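Next up: the structures, one after another.
Paired with chain B in one complex and with chain C in the other, chain A is shared by the two complexes that follow.
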Partner chain A sequence: MPIAMPSKAFVLSVILVKTTAAMSLNTLVGHAGQMSLGQGAFVGVGAFVAGNLAVRGLPLPIAVAGAAVAGGLVAAGTGLPSLRIRGLQVAVTTLAFGVVAEKFLFGQQWFSGGSAGLMIDRPVPFESDRAMYYVALAALGFAYWVDMRVRGTKAGRAFAAVRDSEERATSFGVEPGPSKLLAYTVSGAVAGVAGSMFIYVVGAGTPSSFDIYLSLNLVAIVIVGGVGSRIGVLASSALLLALPELVPKTIGGLNIDLGRRAPLIAAWLLVVVVVSLPGGLGSLLTRLGNRMFGSTTGSKDASTALADIDPNVIEERARAAAFIRRVPRALSLRMPSPALLEARDVCVRFGGVQALDSVSIEVRRGEVVGLIGANGAGKTTLFNVVGGFAPATGSVRFRGRELLAEADSARSGFGVARTWQQMGLLRAESIETNMLLAQHWLAAYPASLGILGFGAAGRTEAELRRRAAAAMDVFGLTELAGQRVGDLPYGLMRRAEIAAAVSAGPELLMLDEASAGISPEEARGLGDEMLALRDELELTLLVIEHHVPLIARVSDYIYCLESGKLISEGTAAQVTTDPRVVTSFLGRSATVRRAAAVALETA
Partner chain B sequence: MDAGSRALLEVDGLFAGYGSLVVLHGVSLTVSKGEIVALMGSNGAGKTTTMRTIVGLLKPIRGRVFFKDADVTRHSPEALVSRGLAMVPEGRGMLRDLTVRQNLELGAWVIGRDRARVERNLERAFTTFPVLADRQEQLAGTLSGGEQQMLALGRALMSEPELLLVDEASMGLSPSMTEVAFDLIRQVNTDLGVSVLLVEQNVLALELANRAYVLEKGEIISEAGPSEVRDMAARLQESYLGSAARAARKAKPRA
Partner chain C sequence: MLGYLLIGLASGAAYALMAVGIVLVYKGSKVLSFAQGEIGAFGMFLAWTLHDRGMPVALAALIGVALAGVLGIVVERYAIRPLEGRPPLAGAVVTLGIALGLTYTEGTIWGFNIKSYPSSVGSASISVGDAVLSTTNLTAMLLAGTTAAGMYFFFSRSRFGLAVLAATADPDVARVLGVPVTRVYRFAWGLGGVLSGLAAVILVPQFGALVPFHQTLFSIRALAGAIIGGLDSVQGAIVGSLIVGVAESLSRGYIGGGGITDLVVFALILSTLLVRPRGLFGARA
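Moving on, here comes the complex of A and B:
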């Protein structure tokens, strides 16, 4: 570079490069919830790889692609520990990588030209600062596009699920390990592109260009912008990087060099934004946007029960239901026994506690089977065994296939879906996103290619959206599609969770205390819904319930557990009058017993 | 209650909400010394909002809260706890990684450094709930549902409250465990003389309440005195039973 005042295009290009790097971090932290304190090192790897390729005379596009590949590979390697450890520990390992990269890797003569650094000349059409500015702008556009694609495809939903709870992610059919590595790879690749832009814009790179300070700066930009917000990243870059550069060094003879004070200003802004705007600049902009252009997310209360929906649309609903049920099955439909699910002698031990002791149950196609028992009896543990979350011995056969030998995430593909006691949906995401996530196993395209829009991604996504729309239609949630699950009233949240489970096209739906925390009227609606699920959607249900009238009414067959052992089974009439069930589950309350009796009389 | 002496807790015309969303529209209720009062209502009726406003976690838009003859409307939750008003939150708010004993000692936070008093209260909690004494070194997260309920109540009692606010004690409990939880509450009331405001949607709560209010859409729509509470129980039970009574379908017998 000639020693002269840097042009405005040059200054802006550097800012664009840093913004690109911040966007790559946003993809990792915002969508996948994985912290990287070594993002600057990924940028550095990209810079030196591109630099080396450029020095050898390779054209810019090849150098950029090489930087992306190198950044992605290195980031994936750095992300490996995240398969075993979580949160802060992962952050520390990325920090360690950042330090090692700066002190060791970037000091190697062959890689970075040692402490003197690596110098390159800009190739022919991009010699001018202005031309390079447009290239850097395109790179930022690319980073923005990747972040957007991640958010809108299978990969981003998998990232969000893993971020929320790895256990629940597997119940959606998401494999946490590969998802995390993919997140690191994508983020590293984009950081690599940012690095290649750096070396082309600046024309030189030294180890200190990619020190830990750069990494922390990128973290600050993402946090001030509001983690996960693309617009926020742009806004905070403008505020933290561009503003200090663009303000003139002197105003009216006063020397106010904001550039020199930039770190101080950034530090203050960080404190102010984090304290007063937990959602970052992004949330502020979204709110302003909503106010100016009118909010699209009115809170509508669609509290009609499934069974109360206009009978005239039943035919339409049946069509939608049939559409949802149309899924490819990995298993043949021939079954050796009438049982859809057959658990034999299932035992689970947690430390010294025998959570399940030789439990055998059978769920036949088209049945609603109740699972009752006092708290701690092992009901949810049995669900977890079927879902693959509890280490069990014995046998659990689903349509004749031994489930205990299968990977956790394979089960949704076989046709098992469940709800959770503590809400299994992602509260921060919309109903529609949750519906798409629940259909993860149906999204057959590779997550990585989906981000780039290759393969059948577009077509598959459209198909999933149609299925989600059909499920929302059946459950009366269409008008709430864009609502955040966390903003819904409790009863609707429950319904959305069932709808999401159904949208995956299961054969067996397991409901864990669907009636907990809902009113008696809502519980009645829920009973109607369960029967509709059985009769209209032809689902088989296994339900954990404490609500006696509900369970007595809907169950074809009931199993009662006590301290991990099966103490009673039979029809509602048999089980609710079994003295052991009365002692263990029903209790002595006259109301509860009358409820059971009434339910049976009318049944 | 005449004008001179107020009830132990008196809530007068409470309006409260979140941001622009007003949830409570003039809720008034009282709890007198020694009473168990139930505040019934379904989801979204405003039960938890009422409770949060009473204990100072939420500032009311309008209305007043009196506790022991003093206006405590805008007092902090800590100030209320040290005045003798303790809350047992929904989900029991246990610190799972602390032992039973540590959880209980946290409940005595407002008592401060008076070790003898803390020990006395611990002793009292252990006598009331002997299971907790047996498990005092066990981590709270490893307790069963019923034991956690005991711990939650025991912890609330550590601050020597005169009034206990219990939010949805029956949530997620089987009918038999719900009975256990309600028995514990009754025991705290009769043995220790602590007044109780029960916020519930489970009709079984009316079996132990002296009086009751029904909250709907942020308003008290009916209340029942000592002689009427059984009637109210019967009425609400109908809606509970209704889900059974409406059943008109046969279970498919297994071959």
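Moving on, here comes the complex of A and C:
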């Protein structure tokens, strides 16, 4: 963008610097769902570090890099409590840091030149306002690029998962604490870059340049722009920062002076946007764009995808299935092992409730094993024990390895995947993004370096995308790849969840009430699908089901739980006729039991 | 030593009023409010105008406190209630916007220059050891004590107090059981506003300044107190605020000013969240 009004290059540069800072905050708030109310302080740290380096004669790139490192470190330190807590208390830490920075740190003679501030001379060849304008524009471009890269790599998917639910995130193999800390670090580093630009553009920095008002105004810009929307941040910067500067102070003798009123307008606009336009300007622009150029996403009719069961693609699907199964797993996890999952004497106690009482089950390789029982019997709790979400005693071995001793997020790497009773996918994200997230453990590059494109990120991402494509192909979801999961009909949502779990290349797939909320016809199809999962994808299935005829048809072995205790086990025929099971499910009324027996035979 | 301690307890008591408001609002509507400072400040600005026009100090202050309560109710009705079902971040951000909006509105109406508002309880003082306590200090302690006792009886003895607890624990179940959840929200914000106003009545004369945003800065200390106490515990908020007040007073006395007190507050929040995230009295997450 060439400069429209060169005389305003300086003013525009300052706006670019603030927009860069807002973009850094967007990365934190929009992707990771964490809030920084002290972003201005991170900018200030970057400014003074860069200033000190510049004063000592170091070249601009080194000063900028130093500012990035300092900003990242300080932000990480401030965000440290996010390792221990999930709530918004961390926002209070950042707010308190913003005040400390302004009143204490930026007042230190050695750091910021005290209250007089720090002055630098612009180095050659950036002496002119115009030259500096292009540098500041490049910095904004960098912030935009980082935000985009975060979104498109492992780091951003982990952020999104943590934002949605920290528990689900671990089931994808994401570690919540380090992910949040990385979000703070990346955001702080970019804020530091913005700060270095400030000191070079303005030539001076004082404590009041980076006061708490700056931090709060950055929040206003991001929220008004629409959390997570890059275009929205740019639009809102234009509205809240550029417009007041560009509109003349008086028009035809009328004194309007928008500049003086801008903070007041921005603050109330923030309130109005949160209350009545949650998506901010970004969502308005997207809607406008869709209306003008036609919608690019979400136009596909979901129902067509199910119809494409062309026999010719079966061969291709078989190849795709074989492709998904190929994952780099340690030799010890690939050895022949008849018993895949062995739970011995598993006990779980929640307060006064014994949720599981000495339960032992075994799942053999290549079997479909059913887990039945009334509500509250402890079925999902057993899943949670295997997944690492419930405090249990006893032993749970997967291929002989004790799972209870492993980190929650290690499960997916061993080959255990699960679905959730209440949808384990991120509703706000596309099917493809969810597929990639499910393969988190396969993304072997470091999340931080991956943002900058190092560490084989590009190659790995391409590989993950191929795997995701194969999984979508197998499950007939290819046409819907870009659809938001939350927009899908329920049955397809379920299918997408299974597809995502399968894309991680698991050996054991645990389905938690896959038939809940779908129609009887769909449930019948689901039974065939489970058998296909076992046979074509060579998966072992552990399935929680309420729909007894369905599970009786497909299971090799069934366990029945009641009030945390195992009351029956055996083949479908044995368990469904076991009087204890019948009583547990149907009570003692003879009529009901006769009716149920008839229903079971005709199913 | 005793002097710093007592002064610290006195300012801690004023923060405690605000902190109890923060906890009440948090318990009552699950919103972490950053507006608890500026709502009271806005009431004080209105009181300042009334006093400027000749109304007696204490009466104007009382009306200011009442107006802060009304403002709390208005905020709840038009900015908080519409957010039901949205992520907690939305509530926090909206209160931040309200704090900022009120700040700039005050600046637009009354200007950003420092105004003073005299103490509503006279300016006499007594000496206790090496400490000089003003009547304002004593009033702060008295009010905080009364609030603590009032809250205790309210939550443990009154039907409506129990309704508040029920509504916070699970709004949907509470609704089914016939708890007037909407009224609970309104009540929490109204009382939160009144407490915010009372804190302003105490803090403004004590620190000699009525300036936009000043109370929001104090509210960071109250937030610190609430977090140290556990965010969902009224007595925790009071104890936490007293800790903040004393730590602040001791550090000012023995180390000096220049932002050291802010550093101490920051360190207190950070260490609480790292060492004991649920605070001193908070329920287990």
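Keep this in mind: the second predicted complex is superposed on the first by the 555 of 603 C-alpha atoms of A that agree within 3 Å, B and C clash if a C-alpha of one lies under 4 Å from a C-alpha of the other, contacts with A are read in each partner's own complex, and residues count from 1 in each chain.
Everything below uses one rule, namely that a residue touches a chain if its C-beta (ideal position, glycine included) is under 8 Å from a C-beta of that chain, and two chains touch if they have at least 3 such contacts.
Since the structure is predicted, the reported quantities are computational estimates derived from the model, not experimental observations.
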Touched partner set for A:Gly107, first chain B, second chain C, both or neither = second
Between chain B (first) and chain C (second), which, if any, makes contact with A:Glu521: first, second, both or neither?
-> first
Have a look at where A:Thr93 lands relative to chain B and chain C in the superposition and call it first, second, both or neither.
-> second
Which partner does A:Ala220 contact after superposing on A: first (chain B), second (chain C), both, neither?
-> second
Partner chain(s) touched by A:Val275 [first = chain B, second = chain C, both, neither] = second
Partner chain(s) touched by A:Tyr557 [first = chain B, second = chain C, both, neither] = first
A:Met35 contacts which: chain B (first), chain C (second), both, neither?
-> second
Overlap of the chain B and chain C footprints on chain A, listed as residue numbers = none
Considering the complex alone, what residue numbers of chain A touch chain C?
-> 29, 33, 35, 37, 78, 80-81, 83-93, 95-97, 99-100, 102-105, 107, 212-213, 216, 219-220, 223, 261, 263-264, 266-268, 270-271, 274-276, 278
Sort out for me which residues of chain A touch chain B in the complex.
-> 338, 364, 366-367, 372-377, 421, 489-491, 513, 516-524, 527, 531, 546-550, 552-557, 571-572, 583-589, 591-592, 594-596, 598-599, 602-603
Given the complex, residues on chain C that touch chain A span 32, 34, 78-79, 82-83, 86-90, 92-94, 96-98, 100-101, 103-105, 107-108, 213, 217, 220, 223-224, 227, 231, 258-260, 262-263, 265-266, 269-270, 273-274, 277, 285
Listed in rising order, chain B residues that touch chain A in their complex are 42-44, 144-146, 168, 171-179, 201, 203-204, 207, 233, 236-237, 239-255
